[in-house]
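Right after this note come the structures.
Two complexes follow with subunit A in common, the first pairing it with subunit B and the second with subunit C.
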Partner chain A sequence: MEFGPIWRAMMRSKGGYLLIALQIAVTMAIMVNAIAIMQERSIKMSRPSGIDEPNTFGLVSVGFKPDMDTKSLIREDLDLIRNLPGVVNAIATNSYPLRQGGWSEGLHREPGVGKSVSSSAIYFTDEHGLETFALNLLEGANFTPEQVAWDSDSDDFWPSTVIVTEALAKDLFPDHEGSYIGKTFWFNDDNPTNIVGVVERLQAPWPTWTGVERSMLVPLIRESEFVRYVVRTEPGERDRMMAEVEELLSTSNTDRIIRGVRAMEDTRKLSYLGDSAMIKMLTFIVALLTAITGLGIVGLASFSVARRTRQIGIRRALGATKAAIVRYFMLENFLVSSVGIVAGSILAIGLNILMVQQFALTPLAWYVIPLAMMALWIVGQAAVVGPAKRAGNISPAIATRSG
Partner chain B sequence: MLKMTNVSKVYRTDTVETHALREFSLTVDEGEFVSVTGPSGSGKTTFLNIAGLLEDLTSGTYELDGRDVSKLDDTARSRVRNEKIGFIFQSFNLIPELNVFDNVDVPLRYRKFDAAERKRRIEKCVEMVGLGSRMRHLPAQLSGGQQQRVAIARALAGEPRFLLADEPTGNLDSHMADSVLDLLGEINDAGTTIIMVTHELALADRAKRNIFVRDGQVSDGSPDLHIANLAAG
Partner chain C sequence: MFPYYLKLGALSIRANPVLSGLMVAAIAVGIGACMTIMTVRHVMSGNPIEHKNDQLYHVQVDNWNPDDPYDEPNNPPVQVTYLDAKALFNADRAFRQTTSFKTSRVVQPDGDDARPFQVQARATTADFFPMFDVPFLYGSGWDDSSDQSEERVIVIDRVLNEQLFGGENPVGEAVRLNDETYRITGVLDTWNPVPKFYDVNNNPFEDPAQLFLPFSLAVANDFDNTGNTSCWKPIPDGSGRDGFLNSECIWIQMWVELQNETAKQDYLNFLDAYVEEQKLLGRFPRPLNNHLRNPAEWMEYNEVVDSEVDVLLSLAVLFLIVCLLNTVGLLLAKAMRRAKDTSLRRALGASKSELFRQHVIEAGMIGVAGGLLGIVTTWFGLRGIENLFIEYEFIQHLVRMDWSMVMLAVALAIVSALGAALYPTWRTCNITPATHLRLQ
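Showing the complex of A and B:
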């Protein structure tokens, strides 16, 4: 290998090479940290909400007639929906995961003002909540119909039983080992409640919330003109049922309007719109930077070939094959890229430490830097192939031309 | 032995066809020191390029060491150049970023000698041309004569059968030119065949045989007459 002579030759006219190495280093640092951000967002976006998203949709019924019998209306609506062929189950609730709007409450391990130790999202539901959300009950039991209350003003009502997520149970009782069933905690300073069930996962409505995994089901249906329904269908039936349920409710009672019929897939997309846009933007920036770096390498290599046409001819005259000339430029680029990549790796790690400290970014995964190194080496080598081939085609007869 | 038979070389552009060599035939025996002279545009450099496998010939045959090399592919031609032919150019053609050692090393690396063998050959040849103390000097730090000596060391390091010299003293003053020619004489005496293209009569006179080229052909007549003609312009 000709590393030694190539390196020594480069060191005697290092300006252009240093600039390209610097460009590669900056690209590497930005690329690595952009990938780290994208990776973090992507992991966040791919977290399961805990419900059967592909087969679930939500809708809202808004009554406009004064003094409506909302309790009857909700019962009728739920009966109609649940009896539709293709529907697995349905509930009336205040919110659902990823909706970005809902209720939360501070929780206490003992009664008293200012003793909140945790917080949780609250989903109102009846005994159909577990099946509608398709939750995995780890321990305990579902609500009984008798435990489900109806209330028009839920601010004054605090249930005596709840089903909590495992994450919430662990957060409330971090030192507890064994079953959480029967454990008591307090709402709103001094309203006690008992855990009757623990589910594996049910995300809160706010995906950006740090406590997104902490939520609970509360056995309550609010009597209100504004009712949010969640419907779970048989696999493959969702789109058909969305139209059918909307039509059914619209015609069953004309004193209300049905709106916001939205599949969970769309709710998820809307919920992560910012993250999705960030990933797209960073992908574009990384691609653009990589392309600019690639073009820079092409430019330097082309300039280098043009400047050294005679030298290449001399090498050819002295016995270099076309492949040897191509190899020379590939090696030269490999050395420049390596300098940039090593410097870029140090820069990337430094930048990541700063971002972890300043913006609570997740530290780099161990494999990101090796992957970025490989990518930039490949880009560098690919960028230099064209100019190197042109160099290989330079005639050895140039050596005998005067100049 | 170098043997060209009826070699022609035609350069073509869209509008012009130039016959640089026409039915050119020449035989150079092993160990000869031959000068090739002729007026400007006579085809001397084209002959050198073809003899050195730097260019294809258009027609005819070219044998080098008994092997027909006129139809070799590019890779094979590079290999023959590297193994059998040493070049000395008018403008030295050293690589400016490389020091003396690395310049002489260039053809040896293409020959794939190991590092120890390359070092041995480089030191031997650079010592032979009297520049052993300047091994780490860059070309820009050497005089013209010294640069040409480095070029000669580079040409000899591969122990070629043929040395092709293109106006080897063209860029040197007379003192330096003499020392380079003396060196070429010594190399020839050691058995290396030398073909030297030049338009300088004094140089041609140092060769053991002179070939005169005119209009792309080896001209008939005695070398002395040709030299006299050349001198007359």
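Showing the complex of A and C:
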């Protein structure tokens, strides 16, 4: 192969080649880290919330008259919604997954106020919660209607039974093996709470929270002018039901307003707006970056060909084939790219370490580096093909001309 | 010689239109990426109350769990309890002081067809308006006496006034909220501080409240806090609303206005004395940890600028570096191709410094062109971001370019282009004429 002579020729005018190598190196550092971030985000966005998202929506009822009988109102509302054909089930709750606002509690393995051992999102619901959220019950049983309380009926706020997610059970009792049913914990006070059911998955309302998989259903309905309803519909009926439920509740009682009628699909979109924007921005930056680096290589190779027109002519006149000339430029580019890519790998890893420290990002996966290497080799070779072919077409007669 | 070099530069740029275009475009794109993110960052890290930055202070006292700080390592809570808000407010030790929280009300407009609607509100005290220099279109805020008497008075914003009174002066008029009648004391002129410095704990980037009403009234009538509430100590079961008000739950933002450093020191001493006194009553189990932070410090402390922006900014800066390396390479190639011209000029007596000046001017021209085009790409970049966040309406306030950013874009472009020109120019100036003239 001709590596030797090409390398030695390059060494004679290092400046220009070093610049391209450096450009490729920085391009690679950005590319690798951008891909790492995009991967992190798309993994985050693809986590299921645990509920039947395509067929679920939420809404809010805000009463504005003093001394309203909110208990009856909530009961009537739930009856109205549940009896609509097209509705699977509905509950009155405080929040739902991906909503970005909710209630969390520190949990204890013994009574009293101390440092909590775990924390969880709280979803208040009655016995219809499991079906409305479409949860997969791993063990135990649903709440019985007798277990469901109104907060106004009892002095003790926290009920003595809850259904938890598997992630919460594991976090609360890390050393425990076997069934979690009957295990006891405390909400910051003296009344113990027992686990009666474990569900596979139900995300907390905050997707950015590290404990997003930890949540629980609490069998309680809060008597308040402000109520949030979650409605699950038959497949394909969601949009129709959204309009119907809004209309129904708006007219059934005019002492309140209905607002925030929102499909889970839109809640999800809003919740991950920053992440999806990040992915799009980075995709754009990487594409632009590759284009600029590619164009830069084209420009420099063209110059290099123009400057060496006479030498190329001489080589051709001395018997070099067109293919040999083309190969020369391709190999030259391969060498420069390789130097850049090797330097780029080091730079990329360094930058990633820095980013992980500074911004608490997830470290990059190893295979991103070879992938980016391949991509940049291909870009370099593709960029140099044009100028190299032009070089190959230089006529040997040039050699006979002077200057 | 300057005009002559400008002319030479223009000729050289025109002689290589594709190459020059590529350089201008690379600089413009690099500048555009950087400036887009920097503009957003600039807006997000702004301080809308800078002129009073050394007089306003957010109050923090540490009433948290003895076994578990509010925030590691030992940071006090970011809001205060009702007990402390009331006690500190009533002590009246600051020049001005305000306690407030986020709430909402349902407005019931007059007329049979008019449907009631919900607006975001802020329960606060009379000093809120003068402390934060809130501009009024009509009327003013309420008096201290309204705070004391829990009077039903409100201040509304301009948009709500348009909606309810067609923009006419409504001062003294009545409005119905949640079936109660309120008297309007004033209408705000457009006021949208970005970030919403007075309450960064409940989303610093959202529209401000449309309606302001007395804190005392809101507490007495049990208005919901729609912002964050955090508790560490359980509220005794069955103690109801009073139990909550007397609890260790934090949910109120408290600010004081102190006119000088002495006043600030005095107020800190007062806070220490207050906490010591409370300790005797069995509250405040943690060590003394009181803080007064001015708006700039407060926004910094609460990390108002998302680290996402910094991630993007660091990648954008690297991106600009790639664009510049690209430009350096192309300038170098161009310089090498012109080696013969340069050699000829050197042989005819042009000094190195003359050549240096000529090439730097040429690079400067490319820089200016790149900078001007960079303003355009920045504008497109900001529109792009606006589109990506279209579902989040507030984004329109974060993607505004101001003159300082335009100037910065041009300056950055020129500095970048000159920086990029240094190495190629140095190489040009050091060409030995003899090598290149030999073949001629």
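Simple rule for what comes next: the second predicted complex is superposed on the first by the 392 of 403 C-alpha atoms of A that agree within 3 Å, B and C clash if a C-alpha of one lies under 4 Å from a C-alpha of the other, contacts with A are read in each partner's own complex, and residues count from 1 in each chain.
Heads up, the rule we're going with is that a contact is a pair of C-beta atoms (placed from the backbone, for glycine too) under 8 Å apart; a residue touches a chain by one contact, two chains touch by 3 or more.
It should be emphasised that the depicted structure is a prediction, and the values quoted were computed from it without experimental measurement.
*Asks:* Based on the superposed arrangement, let me know which partner A:2 touches: subunit B (first), subunit C (second), both, or neither?
*Replies:* So A:2 only meets subunit B here.
*Asks:* State whether A:12 touches subunit B only (first), subunit C only (second), both chains, or neither.
*Replies:* first
*Asks:* Using the touch definition from the top, say if A:320 reaches subunit B (first), subunit C (second), both or neither.
*Replies:* Only subunit B; A:320 stays clear of subunit C.
*Asks:* Report for A:66: first if it touches subunit B alone, second if subunit C alone, otherwise both or neither.
*Replies:* Once the two structures are laid over each other on A, A:66 reaches subunit C alone.
*Asks:* Under the stated touch criterion, name the partner, subunit B or subunit C, that contacts more residues in subunit A.
*Replies:* C
*Asks:* In the superposed arrangement, does A:400 touch subunit B (first), subunit C (second), both or neither?
*Replies:* first
*Asks:* Which partner does A:274 reach: the first (subunit B), the second (subunit C), both, or neither?
*Replies:* second
*Asks:* Both subunit B and subunit C touch subunit A; at which residues?
*Replies:* Dual-contact residues (subunit A): 402-403.
*Asks:* Provide the residue numbers of subunit B that touch subunit A in the complex, in ascending order.
*Replies:* For this pair, the touching residues of subunit B are 45, 48-49, 52-55, 74-75, 78-79, 81-83, 87, 89-91, 93, 95-99, 102, 105-107, 109-111, 138, 154, 158, 166.
*Asks:* Of all residues in subunit A, which touch subunit B in the complex?
*Replies:* 2, 4-5, 8-10, 12-13, 310-311, 314-324, 395-397, 399-400, 402-403
*Asks:* Given the complex with subunit C, which residues does subunit A contribute to the contact?
*Replies:* Interface residues on the subunit A side: 15-16, 19-20, 22-23, 26-27, 29-30, 33-34, 37, 62, 64-66, 106, 113-116, 155-157, 187-189, 226, 257, 259, 266, 269-270, 273-274, 276-278, 280-282, 284-285, 288-289, 292-293, 295-296, 299-300, 303-304, 306-307, 351, 355, 358-361, 402-403.
*Asks:* Touching subunit A in the complex: which residues of subunit C?
*Replies:* Touching subunit A from subunit C are residues 19, 22, 26, 29, 33, 65, 67-68, 104-106, 108, 115-118, 178-180, 224, 232-234, 237-238, 306-308, 310-312, 314-316, 318-319, 321-323, 325-326, 328-330, 332-334, 336-337, 384-385, 388-389, 391-392, 423, 427, 439-440.
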